[in-house]
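One chain, chain A, appears in both complexes that follow, with chain B as partner in the first and chain C in the second.
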Partner chain A sequence: MTAQPLLDVQDLTVEFSTRRGIVKAVQHVNISVAKGETLAIVGESGSGKSVTSYAVMRILDRAGKIAEGSVMFSGIDVKAATEGQMRDLRGREVSMIFQNPRAALNPIRKVGDQIEDVLRTHVQQAMVSDHGEKAIEALEQVKIARPRERYHAYPFELSGGMCQRVVIALALACNPQLLIADEPTTGLDVTTQKAVMDLIVELTKRKAMSTILITHDLGLAAAYCDRVVVMEKGRVVETAKAADIFANPQHPYTKKLMRATPRLGVSLRDLLPEEEGAAAAESAPAAVASAEGQKPLLLIEKLVKEYPRQGATATLGKLFGRKPPVEPDVFRAVDGISFSIGHGESVGLVGESGCGKSTTSMMVMRLLDQTSGLIQFDGEDIGAIAPASFARLPQRSRIQMVFQDPTDSLNPRFTAARAIVDPIMQLGDIKGRDALRARCEELATMVGLPHNLLDRFPHQLSGGQKARVGIARAIALHPKLVILDEPTAALDVSVQAVVLNLLQDLKARLGMSYLFVSHDLNVVRLLCDRVIVMRTGRIVEEGSSERVLSDPQDDYTKELLTAIPHPPLPVH
Partner chain B sequence: MSSVAPAVEPAGPARTSGLTAILEQTRYVLGENKVTGFSFALLIVILLAAVFGPYVVPYDPLASDTAAALKAPSAAHWFGTDQLGRDIFSRVVVATRLDTFIAVASVVLVFLMGGLAGIAAGYFGGWTDRIVGRIADTIMAFPLFVLAMGIVAALGNTVQNIILATAIVNFPLYARVARAEANVRRNAGFVQAARLSGNGEFRILLMHILPNIMPIMIVQMSLTMGYAILNAAGLSFIGLGVRPPTAEWGIMVAEGAGFMVSGEWWIALFPGLALMIAVFCFNLLGDGLRDIVDPQRRT
Partner chain C sequence: MLTMIGKRLMFAIPSLIGVVIVTFLLTRALPGDPAAYFAGPAATKEAVEQIRKKLGLDKPLIEQFFRYTNDLAHGDFGNSLTTGQPVAAEIRNRLPASAELTLLGLIVSIVIAIPLGVLAATRPGSWIDHLCRITTTAGVSLPVFFTGLVLVYFFYFRLGWSPAPLGRLDVFYSAPQTVTGFYLIDTLIARDFEAFRSALSQLILPATTLAIFSLAPIARMTRASMLAVLSSEFVRTARASGLSPATVIVTYAFRNAMLPVITTLSMVFSFLLGANVLMEKVFAWPGIGSYAVEALISSDFAPVQGFVLTMAVMYVLLNLVIDILYGVIDPRVRLEG
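Entry: the complex of A and B
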């Protein structure tokens, strides 16, 4: 390491005072960032990676404080600096990018104005008239096409990736020395993620600044950073060069994380820690053989969902005599797709946001009415039944769903047990308190949820536990088809590994079919026999998982695959 | 927000059952927030006065004693006596029951009308929303107190009609809050999940959405309780409410108002003070109640 690092965090401990006493979110952390270096802080939720960066910026909320240690930023003691000094530091010297770009932008102001605000606050020397040009320059820098037009755009008119670019432009407007990116690409599509990360790395090099990338994704960290710091439960467990940490991880936690990251050439069982993986492989019952030549469980033919293109712009345009845009009157979210799912088969439906995969799953679930097309389930045309009346029919119990966000999909006022038995109370044949409780406990055992957690409310459960409650609820009625809508997107990798394995076991044990909706090809491959790739409402490629991933035919599939950041394979 | 979820299992004491948890939470909130504790103490005093008041007061609130008319506060008559020689302290305490009853009844009524209509409007949208919205707009087009006066004048001078009038003028407040809250949740994951579990639309409304809106509705009820008391007293003050000689804070202030000029300040002051304390108490209560009923605060 050269003489003086740009940022030097020594023995940092951050405490939060809560109702249950003082919680040490970060304990004795040492991190240093050299000039021009890109450092990744990797860890799962609750590891203290975000808190560490907040402490560096001194933006901890009221309950938190730096209890011990020192934070030196290019010779300034952050701990002792006045609030005025810190204000100068933030934005001009240290900038931050947050996870949700839409939340970081003011929704009712033009993006150009927002960039100008930053310039006006921090750059005194520039002429006032100059700000507009400077803002356009900043937009140009983050490779936004037609920056002069985009200057006048409101955040809602831009896509998620575009918004993140604007946020980066905001962060870099004053040429900071250090950029802190807190999960900058979580929630973005893989191809967008690649574009945004490439941009961040390129700008870091060009502007000779340093970057701290905070992420839960080891693959991302490996692909884009010089050094990696792995954090667990508020402590740094390993610091090493990116190449070294993958070739030769030292700490057991790092090894566990690496194992759990889905990647090419591994099976579902490999994601679990060694002993557990072996145990799971042994105890798993043999898969229910799907009989050949049988009628498919679910048959979709020429399914279409159209939304009317409406909105004030068209009406206003007519009013003021402007020419309406030459577009069809309807928007086809799903454009005539056909596929089938066999008994006991799991099919992955992959695509980026807006490709129509969620709309498709909603129609199959009968939560949404299709415009045209056939949905045949178990030989019966359920597409003809209106969603409103479907809820009370016995068929309802044959198709169930596991939702994307385990928190949002649980009623905050229901205990875990109440949530699990809700479908049984409505559609099941089990009556009586004790019988319901017994079934609930049986289901909890099946999904590996400790019985003592059954009386808790959702906010008292961890993400993985909530996911298990959601799965238990979905399988409570012995469904034949379960739609998994990105069931692990909100979970940490190690929890994701466990949940995916659980889903695999349940499928084999209960003989269900899965429709796995996801944007992540790597995850889909682990669980699914067949993969369907969708783009703009159409199916672009369909085939066995192995074939699609190893030998993609469509250009779009290829693009999706190359965009996934791959960590080097771990050595065993 | 994945970063919020604790990585390790909270090793706190084992979760206690429903009632104990609520009691524990109540104790915590009261201890944490002195103002809430104070308002709860005040509420208990008001409730005790409402329930036991008539049995413990030293004088009959309706018994006049012309010999002791217009006496200033003394040891015998703590709050003094009015122009008919009635003991003001006894009247103020006894009136608590009537005033609190009117307030509670009107708030419950308006919750049933406005709250449920609002939730249905927010959840179903479309025509339900339009109809409820326009009813609320129509009510809000009138000065509320004038509207309440009109309703009581038209329907007659009874306690039931005061309750109804107070409920109607508060309708838009409840309908709008409930509508907004239900609207946010209509497409929440747990509502979708409830549909998948075979819940009908009305069941979802009552079992899934309503309980999630209760915390904010309870705060709303507590806040309008103060307004309801004021409204009832106001109606009585202008002669459109409870009729004399019934003990009621609004009438007592009205009766005392004429004597202020001649120096008999106590006739109007003490009922006015009681009114103020009651309104004050219910307003303070709102925030404390929200903390208690919200399970998210009960970690």
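Entry: the complex of A and C
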């Protein structure tokens, strides 16, 4: 490297003082970013990638401090700079984009005013008169339609993708030299993710800015970055050019990460580390042969769910003799869909947020009543049962659910064991302490949860362990159908790989059917025999996973597929 | 905005009707016979019967109720049996006394508690945080009558700085002409500055007592709410954009943190207004709380009913004000109006 790097982090160690003593979140990290370069920092949760970037901005929590090493930003020693100097730097020279765009904006301040706050802080007083225009310009730059109107919008009036554009506008308003993007697209739909990433790259290239992209997604890093830094447990394990690192990963952790990333042309077993994958393949039970010509387990016909468009005040309005609103007063969340799931089959339900996939799964679970249509489960018309009474019926035990967030879906006051036996205590026929405990341990063994963890509370378990508890709870009553609502969306890729394999094994061993609700086509393909693609309440495409992914017919499916960032080369 | 206010007031009507019915029934269900009470211990049975007839208590309950609601509709709250005065007039005189005291106490409390809470939240673990904790714990753990007595002991009895705790105005001054009912304002309108100073000096001790008590919930809520907002992501974004600490704390954190504080304020206010009987006793304050309790003890129906109804109306209005304030602060609330 000939020129001096824009950002040079040498031997950085960040410490947090906690109740259990000092924790080193980042240890001896060396990172440099050249002018105009795009660098990715890749790692799983707890790898210290975000902490590193906070240290660069010096916005660590009160408990955290830079213990060792130096951070030089274009000749300024960040560690030694005064708070006033740092304030000048932040926003004007280095700015940041955060993970959750909606939470990153002040909810009760107009977005235009928020952009102006930044402009006013950093731009010379002489230009004050021009400020309204500058903020609008910043909004225009991130391709927000009708920026003059949006200037007066509040964050809650904008979509997630739109909010992220505002956050980008905020970050780029003062033309900084370095942009740090901390998981900028997590939680956004794939097509939105692509649009947002393209926008970031386009703008930073045009302004000749350097970018640090912090992400857990190797595909994203490969698609958009020049160089990749891989971090594990607070240390940098590998730094290489993006093309090289995928072709020839050096460190075992990098290899493991790459293996675990779902991509085209691999099977579920390939995601696991080599030895484990082989072991899993050998020990995997033979799939229960599904009898041909049998009736489907779940049959859904012309299912419709409508919501009234206005809020609760409408009824009161009617009470006082108001005339009904002129616009159509219902919104069709699910618009006449039909599909079936066979015995032992797993079907993926794919679509972006708001497409009606969750509404569909909730109607099948009888958590919601449908407006019209048929839901037949195992030859029985469960659609006719009112949701309120369904929870107490024996049929309920045969449909179970695994939820998206493993933490939020466990009662924080229940131990793992209590959570697992909960459905048995409600609906099962096992009575007595010892019998329940025995069943609980049996289930724990099935999902690979060590027995000594059974008496812990959720906050004492890792994400993967909590996911296992959620799965054990779902299979406790020998269900025939399990609805998996994005069960791995909140997990790291390596944990996701293990959980997906576990789900696959359990399905084969117990002969269950899955309805797998997800936005991630790559993950769905691995686990599901068939895929249903939904959009605005309708099914746009349906077929075998291989066919839909390799040869999509519908334009929307094609769009979804191309939006997924892929690592350049498969690993051998 | 006006339609929202109108709608809110309309929603309050059913609850007010409920209050009227419940208070009527409750006062009837109370033990004690007002007729016997007023006839005195030496009265004969005939005399008691006669009083009962005079009071209309011999009529069936339903008839009593209709007579009562009919009077209410004409703005007649009935007459107090103990004082013989119309209840409406008594409440009109006493409510401003309570309101003036409570408002002043609350203003003093807000002026101290909110900055204290904000400072404690921005510097957790510092001396100001500890000061906040100590003051609020002390303030809430000392009963108002005790703090009131301590203040009277020192500032009136020992030091003699404040006047005797005997009502709203020194005996040498006559009450100003009633405009708002608040002596501080009325004396100013009448340009009677001597009386103003007297009214103020009478108010200082009881208002301080109230402020000490109400400091705790307000400061605590401000601190907790500020802490939550300061650790939120948009504050981090604001910091990462290099905004000055003042902008971050005032424009970004404080406005968001105000919402729960306003709710607390409304609860503290309504509590202080009606429930501060002991305070009114200690300072011989002619307020509404002591009036209601005295009436309750002597089984005097009309003032109790009048008091409960007044408080219900106050509560409805207070909630309306809070809702409007919410709408001013939080744009998300405006939509649902």
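Note that in this section the second predicted complex is superposed on the first by the 551 of 572 C-alpha atoms of A that agree within 3 Å, B and C clash if a C-alpha of one lies under 4 Å from a C-alpha of the other, contacts with A are read in each partner's own complex, and residues count from 1 in each chain.
As a convention for this text, a residue touches a chain if its C-beta (ideal position, glycine included) is under 8 Å from a C-beta of that chain, and two chains touch if they have at least 3 such contacts.
Every value quoted in this text rests on a predicted model; they were computed, and no experiment measured them.
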Larger contact residue set on chain A - chain B or chain C: B
With both complexes overlaid on chain A, does A:Y154 touch chain B (first), chain C (second), both or neither? second
Contact-wise, after the overlay, does A:F16 reach chain B, chain C, both or neither (first, second, both, neither)? neither
One more residue to check, A:V118. First (chain B), second (chain C), both or neither? second
Identify the partner contact of A:S45: answer first if only chain B is touched, second if only chain C is, both if each is, neither if none is. first
Applying the document's definition of touch, where does A:V167 land relative to chain B and chain C: first, second, both, or neither? second
Could you tell me if A:G91 is touching chain B, chain C, both of them or neither one (first, second, both, neither)? second
Within the complex, which stretch of chain A touches chain B? 19-20, 44-47, 50, 216, 233, 365, 367, 388, 391-392, 396-397, 400-401, 403-405, 408-414, 419, 422-423, 425-427, 452, 455-457, 459-460, 462-463, 470, 473-474, 490-492
For chain C, which residues count as touching chain A in their complex? 10, 124, 232-234, 236-244, 247, 251-252, 255-256, 329-332, 336
Considering the complex alone, what residue numbers of chain B touch chain A? 2-10, 12, 14-15, 17, 28, 188-190, 192-201, 203, 208, 211-212, 295-296, 298-299
Quick check: in the complex, which residue numbers of chain A touch chain C? 57, 59, 62, 86-92, 95-96, 98-100, 103-109, 117-118, 121-122, 154, 156, 167, 170-171, 311, 313, 320
